[in-house]
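Read from first to last, the chains carry the letters A, B, C and D; within each, the first residue is number 1.
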Amino acid sequence: MIDKRVEGFAAALAGLRDGDTVLCGGFGSIGEAFELIEAIIGLDVRDLTVVCNNAGSGLVGVAALLKAGRARKLICSYPRSTDPQVIDELYARRALELEIVPQGTLSERMRAAGAGIGGFFTRAGADTDLAQGKETRTINGALHVLEQPLPGDFALIRAHRADRWGNLVYRKAARNFNPVMAMAGKVTVAQVSEIVELGSLDPEAIATPGIFVDRVVVV
Amino acid sequence: MIDKRVEGFAAALAGLRDGDTVLCGGFGSIGEAFELIEAIIGLDVRDLTVVCNNAGSGLVGVAALLKAGRARKLICSYPRSTDPQVIDELYARRALELEIVPQGTLSERMRAAGAGIGGFFTRAGADTDLAQGKETRTINGALHVLEQPLPGDFALIRAHRADRWGNLVYRKAARNFNPVMAMAGKVTVAQVSEIVELGSLDPEAIATPGIFVDRVVVV
Amino acid sequence: MTPLSRRQMAWRAAQDLAEGQYVNLGIGLPTMVCDFVPPGREVVFHAENGILGMGPAPEPGKGDKDLINAGKGLTTLLPGGTFFHHNDAFLMIRGGHIDVSIMGAYEVSERGDLANWATGSDKLAPGVGGAMDLAAGAREVWALMEHNAKDGAPRIRKSCVLPLTAGGCVKRVYTNLAVLDITRDGVVVREMIDGLDLAGLQRLTEPKLVLANDWKKLEVPAL
Amino acid sequence: MTPLSRRQMAWRAAQDLAEGQYVNLGIGLPTMVCDFVPPGREVVFHAENGILGMGPAPEPGKGDKDLINAGKGLTTLLPGGTFFHHNDAFLMIRGGHIDVSIMGAYEVSERGDLANWATGSDKLAPGVGGAMDLAAGAREVWALMEHNAKDGAPRIRKSCVLPLTAGGCVKRVYTNLAVLDITRDGVVVREMIDGLDLAGLQRLTEPKLVLANDWKKLEVPAL
């Protein structure tokens, strides 16, 4: 029987290693798997590359992980979201490597990783400082920049409901980055509010099919 | 008031011109907008490029359009589906230009058009005859081919239900190519079975948001 | 001469949105535009975190914590609204499906170059969000900003001083003093507030301004 | 010596699918594999037209016309199954999310090159379907085919004669005579049907065969 449910954060995060790239879902603090992300702090792993739209809010979730010094690098589009105290302090000390990526490109780079796309051309940022050092090309008269896939060793996401096959549904705007990160994680762990019987989620409305999900933990 | 409903096929197809590229949804004959596609035959347009996974089945829909000689070219992945009598006859006479594209690449090229992606690298077909004349590149040790966006002047799709904003839901496997073609059509026309009150479709389960749909016709 | 308040600036931009347009509102001031669309005119607001059909902010204490806009404020969903994932949200943006993007700006050049992401400060981390995708992908980009910086420096520039978000993308600028079009013939003044004349506006603006033949007084209600 | 029937070939391949694997079945013979997974073993079948969790074919007269598999035959959905659009179906394929792709083949080379899309005929239009995406993207590709062509020509080749679907992708071949692994050390015979020996199989096969130390009789039930 396929059963992706795991008990506890240690099982949920098993295999996470020094230097891993960790994709953390959420937009602002909505749809962020706070507890799952914070559980990393209790493990002996360092030098993580964290990928997240923001840099966490207040002192929870991604912010807590960064504050605990577990990340070497942050790849994000907009670090200073609600209550950016942690990123402000780290930035002032230049204690964290920061890669700023246009938000759509950030998402598309993860999709490319999940979709087996080896790279793609986008106009976003092509004529800006963020394209420095990247290959550019004029296509149909418009400058494009070649962007690379961005896979994660782990994706730590949050959903509303799951079943034992790992099918997920979200609530409203809490969906945001979670489905695309699920696609891009080599190991995708979903923190959910509830696990329901197999077959009780509407097959027309499952936003993340279980094929993208390896472990489900109820918080 | 936004109201994308149109009455009759003439209104649904208004603006279709000689030489246009027409994306036709469906997989086999499931999810194909037979009546809408056949309505082209009654118009005075020629030299169409038809994009469809197959080449139609029997004598209906895309098959009827091809048989009527309205297409100059067919871009597809698998022309000989159920009852391929029309394509077999056209192929024997070499009466239709044929571009064979790997199915995932066909879909991804249309997504690229809809998503503002200027081109993408895929491994699919990179080391085969179908990559002839295309740019290739070795990425992470694997040969990739650069594929181009494939936009449509029109996308003629089929869905189950719609509302007046053009939001669409599908039935089961009849979804197939329809959502991605909706994204890639400059003018997207959806043939649906039923129009429902605005707000009665579940906002978590709308497979094609109305932003991708220009006209809705009930058949 | 009374410059527009921020709410009045948002009101003015809202009047130019047409029925049926799909519109993305940037964070900060542009978010307010949503509240001032004329009643009965259906405009579909898009949020890059995965919403189409945003309604007004909920009554205090009544919002749903999972229903936020791009600025992380609570919002609502209109009948006909939909939720989707972030990648589809940006597919809509990059793919040319958004009719109008209204963004805040630090600077706009006479060629329509937009600078709205990096201040050059080395104290605070820069952040770009979806600005570059919107600038590259939306069919029209409108900038909504104070006409001048706090120190009086012009924000409509011959060339942007700050790092660019995208070149040549801005078509229209709404400020607290004027409505201006960026055209091949230069920066055209469409509307100016009462008490301001072209010479006065020109002193607050770096590139040469052109007064439209049919220019009007920029009139807004008390808000 | 009795070669396997088509149903027996499908049965044999089905036995090697492991619980929890995501498996795409090509059109034709591979479609039958779905019917022979051992009871109680959960394998999730993927159809490139947008289904995960396909069940067995419906009873005659009971199917839903909108619920078809990649071969356009009626199918069913198991509890836990999902529908999605075609682009996501191929995202799963190309992105390495499919554990096993079982495809029919015209030819397989000793390096695992696969030829299964173009016959070289100029009478009928060629069609590739999803074969190239599957060959490039699935974690493992298994070929399921008659050991020899109708005219007796070997289909396991030193090099493919027909146009390639992808180079070096096939890991295992199931035929009506044998089960063979494509390895760096050559084509290894894992199982052969009763009454066939290595010399006999070699005569029907172009590249040099290697007999596995632990080779077994290829045994299947009457079906």
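Worth pointing out:
Quick note on the criterion: contacts are C-beta pairs under 8 Å (C-beta built on N, C-alpha and C of every residue); 3 or more make two chains touch, one makes a residue touch a chain.
Since the structure is predicted, the reported quantities are computational estimates derived from the model, not experimental observations.
Counted as hops between touching chains, the shortest connection from chain A to chain B is 1. More C-beta pairs in contact connect the chains of B-D than those of the other pair, out of B-D and A-D. With centres taken as mean Cα positions, chain C sits 29 Å from chain A. Spacing of chain B relative to chain C, judged by their CA centroids, is 35 angstrom.
Shared interface positions of chain A, i.e. residues touching 2 or more other chains, are given as 108, 111, 115-117, 122-123, 170, 172, 204, 207.
In chain C, the positions touching at least two other chains are 77, 83-84, 90, 93-94, 136-137. Chain contacts in this assembly follow no simple pattern; the graph is neither a line, a ring, a star nor complete. Those chain pairs judged to touch are A-B, A-C, A-D, B-C, B-D.
In the complex of the two chains, the chain C residues touching chain B come out as 19-20, 22, 42, 44, 46, 52-53, 77-84, 88, 90-98, 136-137.
Against chain A, in their complex, chain B makes its touches with residues 108, 112, 115-123, 137, 139-140, 142, 144, 169-170, 172, 202, 204-205, 207. Within the complex formed with chain C, the chain B residues making contact are 1-2, 111, 113-117, 163-165, 167, 183, 198-199, 203-204, 206, 209-212. Interface of chain C with chain A (complex): residues 47-51, 64-69, 72, 77, 83-87, 90, 93-94, 118, 123-133, 135-137, 163-167. Residue ranges on chain B touching chain D, taken from their complex, read 27-31, 53, 55, 76-82, 84, 87-88, 91-92, 98, 100-105, 107-108, 110-111, 122-130, 170-180, 207.
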